[in-house]
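You will see subunit A twice below: alongside subunit B first, and alongside subunit C after that.
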Partner chain A sequence: MSSLAGTATLLRQSVRDRPAILVSIVAVIAATLCGMALVVGIGVSVPKALAAFADGAWGSPYAVAASINRALALALVGLGFVIAQRANLTNVGGEGQIAVGGIAATAVALYGGASALPVPLSFGVPMLAAVVAGGIWGAIAGVLKAKAGTNEVISTLLLSFVAVWILYGSVQSEALLRQPMTNTATLPESLEIPDPTKLPLLSANADTPLHVGLLIALAIALVTAIALERSVWGLRLRAIGLNPVAARRAGMRIAPAIVLVLFLAGALGGLAGAFMLQGDQGSLKARFSSGYGFDGLVVGLLARGSVPGVLAAAALFGFLRSGGINMELEAGVPSAVVLVIQGLIILMLAGTAFWIDSRKEGTR
Partner chain B sequence: MLAETVPRPAETPAPVTAAPLLSLRGMSKRFGSLQALADVSVDIAPGEIHCLLGENGAGKSTLCNLVFGVYRPDAGEMRLAGEAHRPAGPAQALAQGIAMVHQHFSLVPDMTVVENLMLGQSAGVLRRRDYAGRVEALSREYGLALDPYARIQDLSVGERQRVEIVKCLMREPRLMVLDEPTAVLLPAEIEGLLAVCERVAARGCSVVLVTHKLAEIKKVAHRVTVLRGGRVVAQSSAPAEEIGRLVRAMIQRDLEGLGAGASAMLGEVAAGDDAASAAAPQQKHLETPKPAADETLQVDGLTVRDAEGVTRLANLTLIVNRGEIVGVAGVEGNGQSELAAVLSGMTPASEGRFFVRGREMTGASPKALTAAGVGIVPEDRHAVGCITAMSLAENLMLNRLERFRRFGLLDRGALRRAAEETMQRFDVRAAGPDIAFSGLSGGNQQKAVLGREITTEDLVFLLAAQPTRGLDVGAVEAVYGQIRAACERGVGVLLISSELDELLSVADRIVVLYRGRVMGHCAAEPGARERIGAMMAGHEA
Partner chain C sequence: MTDEMAAVFVGSSLRLGMPLMLAATGELVSERAGVLNMSVEGMMLTGAFGGAIGAWATGSPMLGLAIGLVAVLPVALLQAWLSITLRANQIVTGIGINILVLGGTTVAYREILGRHNRTEIPGLARWSPPGLGDIAVWGDAVFRQTWLLYAGLVLVVLAAWVLRDTAVGLAVRAVGSEPRAVDKSGLSVTRVRYGAVVFTGLMSALAGCFLSIGDIHTFTEGMTNGAGYLALAAVIFGNWKIGRTVLACLFFGAATALQFQLPAMGVNVPTALLIMLPYLMALVAVGGLVGRQTAPSYLTRAYVR
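Right, the complex of A and B next:
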């Protein structure tokens, strides 16, 4: 009994002294346990559900690659979130930034003549278009914030709705991106983008659909980490986020920094859209993003400001999504359960962080 | 002198004739690596005024907060009227008859006095008239003039403090703790507050008064406990006769050796001690009538209106010459903050212009002002002067981070070395340049901000607003020493302070602000004290 209490104390201390990342891990484990309890409640056997989950998430090279591809989009949105967070800005517009990125990439890939370009440009130019479109979408919120003080949480969220509806509209109208209607069964989606505009696979083996996006995302993560932690720019961003008044007094220009940071966050969202289109879906559909923007936001939150944290959380969510889909297909567990687990992770994370902060206060 | 610093048997609490109301034994409290309190034992007798004397960081506030239940002690025992006192929080301390007036008031500005007092009622029907009646009764009893229906935002700092005291007294406390209550008051208001303390004590309620001002101790203290470095270093039952011994215990040296600014801070100039005022003239530049061509700062008809259109600063004109310290006197909130905000480029002027070394800088950005050689020590250190969550080194170089770039990346080594240099030059004491700024004492934080601003490249003008607020004697001396040194190099200094005695001992000339207007100018001589005091209160000189 006393050893139990001792362990609890030890655990408390170690949680308090450890970096924030441990908090996230504890939250994830606790949420998973709750999820398993739900599975039992639904009447599905836990081993069966777990087996289906494992199979879908990492049961085959294909499953692993699919999970990683899902994780890439989440990681990019999460990185954008963390960059904005450094300046104390909260970008919740990932969904819309993905949408405008997808629209721009589709338009350029199908009608911008990108497929005629030599290889790196054929997929690079649509990707660049997505980056610019997403960036502009984010920068709009930045300008509103800098000029009029509009809360960026509200503006990025509302811009998201606008973007998602633009996407719906553009795949509904033949004058825009909808594929030519040859019969009544033609789906409201764009044509398949030409092969040269798709992201090249890393291995010749089509069983593992890992694409160059993995390398691009890792390079971006590295650059982001260096920029945030090791550059004067990152330090200034932190100063602006922590105390904009003191930062301004020290000669930093706040408004351009806000616009730039939200541009970058949006640009990364746009790039995520390009990855989803060019690396995975191949055509623009009405439900193109289906929640990646919001999951990416959660990834950013889970990471608690750290770039490695983003990668870890994105991987977690990528595998969770793949496994969840398979759990539904093979074990009959509603995918809602996976969503519940995701929700629980957020709650547990917030709760644990709050608990730790209050412990820190208490020991003062 | 050294003997004073070693705890001796005599330093255990002096015997109290009556049973003590509050008895503290062996209290210890540690924050991280800082031992804030170590084995502190104090007795508070019923109906006595017990002063806690000590420099910033000596542990006075920590001790009060332990008694009031804000923190829990690591070790030690507290007994209140003979019973164990272990408050789980302020609410419990309040229920047991302990009331505390904090340095920062907790009043809602939009509400009236009565409404604020009613906030303290936890349940039941709120009857405004009953409260107003009680406020009036208490006001009469203790001489605390207050209009129960006045809005807090319309009250002066002194009046707000009275509201806080009434809030305490309404609970009919057995013990009232006042944490540095006089730091924010006008000279006349201080007298009033001390009189209130005496009345409260005369009615049997013990008063613990935290202070670092000797004049107050001479006036009201029955007993004094001196803290230094978290330990009790002296106690006295006859403080008025033993001031010298208490000061030595507090600051580890004699008052006579202190610079004028620092001893003024202890309130000794006001008490008529001539040691400091005799030292003053030699440190000032009384030989200055400066040629007009030497203008460092020229402010011409500066007017500031706030968002509601209220005029905060009206047609202010002043000149600071090269190598001169011009003091701006006035009760806080009479336009000083607005003047500082405009001169630091944080707020646009509504009208008027200002020039630095003849170059118009009206409306220039903070960055442009820094480039023009303007250093700013802001009044609100935490809001404007530093970023407490960042490291000391980062704060010291906050306005020149671009210098520490190597291969496009931040050169932490160079940043650290530059910071260490400034730390040494300005005597910023910290475990190292990488520790969090929030971990520094107030004095060291201020020395750091001052250091950063004084080391601004090609500094020609320094604005220092309330640079010594909350600092201990050593830090005050250091701050004024650095300001004077800058002055001798030809920097013009505008020194904004609500501590008149400090201004008199440090500045060359004084400008008095009242309701955003210049009430008058005069040379900073001890004889001008009365006149300036009158101007600060709005009387024409």
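Right, the complex of A and C next:
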């Protein structure tokens, strides 16, 4: 009987959510069409641009793996966004959380002796350092919110800028992370991290550089989904998000919850930084975070609070980014076209959010 | 520090602080009316782009300035429509607009002028107040500036006066603190807010033009590079008061000027630290460490009748 009632609730829920899913799909398609119109306007043939796009996004096993690796970092930031969103908090600090994660992972991998550790620890310890660093960066915004009522959007954004410049400074200075300057051509970036600290690949074939981060990210997504949808903790977060005053009257402690939630969001951002360093870039550069934080934010928005939604949106953006890069290389279409598409998606989703929410209330 | 260096420092602090001052004053008016425009960055970039392309195409920097001001209107109206009429999340729409404008101007600039074009674009004339420009050492370095700098100062003072002492200013402030009362009095909350956002757009476009055709006479992709966010930070640091906001902008300008000045003086301070300083200060300010922050009570909240 209860399973029947459960199924009925689930069904009702999916019907209620349908306008949101529908709007997301329509937004993505409409924005892509605008992007194509732009390609036409530039005077590149659409088939040529699309071929270059497809080639870069999924044209070879290597391309697929690279796209998925990109998607992983975006998914982590998106998951953090969704967790915070559950408590009605908006984390726009992904960019900075990635940056501090990258700094911490680099420092531990290069100078923390991580490479001497046995195998899972050799790459696990730098990852952990990134998680802690990102978490602290997020928690600062949580503490400010809990103690001084500071709007977390403003504080996470400001913290992002600070982190990005700390990153810049740390790869400029030899006293920090910059590689020793042997000649004047030495680039302002860190040394390459030792091999044992890089994320191991899933297949022995180096043509498909899928790394172990895929499994970690999927496990985190699963845990997040269970925690948000099936645990008392998730229910509490929702209560705090919907009505903090009522939640406090019901005996919930708001301040620690806010700090914890933003710690988790930041920690996932930091882990994304570790993935990007240890699974992809190999050394820390000034433009290390390169917009992944903002892309991750969009992924979180597109998902509208659902964990499977995060995975879908992250995959979409991972492939979009890879394809966009190749479109610039092969077809001469500026990858800025992808920015236009992203901007349009955000605006369409933001513009329809109120309409969707009011519909939800109507059907309840 | 020699006299000459001091003069250059003061002059460049003014020059670097001015675009922030214009954009921050515009944004302050809108925030007092309850609308937060994260899109200041995008509006500045639109203005910089429109001004540069306009000046290049017509050969006249004045026409360029006008084109920059017109170009920002659709962007400002989009922000207003989304956040006021559709009641969309103001922060999210602002970030969306910034990404859209960055992509759009980059594509358009490459289409029109080519990727690594360094064409010199006709810029706004320089001017110095009579008498002041002839002072030895200081005159040239401090007072000989784009005329837009002086016009901008006048605009900021005007905006402060309108906001404080006129009926329009009262309406703007009331819409941000007591929208329901304004609505009951028969004035349209929506109209006042639209007006405030458009004002932010125009001021941001001026700031953008100051960068492209006032200061460096060229356009580069994403040339605002976070200046819009600095303007937002200045408003927060200024505690939503024009005087303090303007001082914050000057201070941010000085911090930027120091990046070039300190190495010349042989002082070795990491550049990153100086660039970071304004953001750090704004963070300290929003953290409530320098006095109580009194944001307009309806900031970021849509008005539902």
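Rule of thumb we're sticking to: the second predicted complex is superposed on the first by the 332 of 364 C-alpha atoms of A that agree within 3 Å, B and C clash if a C-alpha of one lies under 4 Å from a C-alpha of the other, contacts with A are read in each partner's own complex, and residues count from 1 in each chain.
Quick note on the criterion: contacts are C-beta pairs under 8 Å (C-beta built on N, C-alpha and C of every residue); 3 or more make two chains touch, one makes a residue touch a chain.
Note that the coordinates shown come from a computational prediction; the quantities given were computed from them, not determined experimentally.
Of the two partner chains placed by superposition, only subunit B is touched by A:Ile226; subunit C is not. In the superposed model, A:Ala314 lies in contact with neither subunit B nor subunit C. When the two complexes are overlaid on their common chain A, residue A:Arg248 makes contact with subunit B while staying clear of subunit C. The partner of subunit A that touches more of its residues, comparing subunit B with subunit C, is C. After overlaying the two complexes on the shared chain, residue contacts for A:Phe354 are found with subunit C alone; subunit B is out of touch. Of the two partner chains, neither subunit B nor subunit C is touched by A:Val28.
In the superposition on chain A, contact is made by A:Ser155 with subunit C only, not with subunit B. Comparing the two complexes, no residue of subunit A contacts subunit B in one case and subunit C in the other. Only residues 38, 41-42, 90, 92, 144, 147-151, 153-155, 157-159, 161-162, 165-166, 168-169, 172-173, 294, 297, 301, 334, 336-344, 346-347, 350-355 of subunit A touch subunit C when the two sit together in their complex.
Within the complex formed with subunit A, the residues of subunit B that make contact are 31, 71, 344-346, 365-367, 370, 376, 378, 383-390, 394, 398-399, 401-402, 404-405, 408-410. Here subunit A touches subunit B in the complex through residues 226, 230-232, 234-236, 238-239, 242-243, 245-253, 364, going by the rule given at the top.
Interface of subunit C with subunit A (complex): residues 78, 82, 86-89, 91-93, 95-104, 106-107, 110-111, 221, 226, 229, 232-233, 236, 270-273, 275-276, 279-280, 282-283, 286-288, 293, 295, 300, 302.
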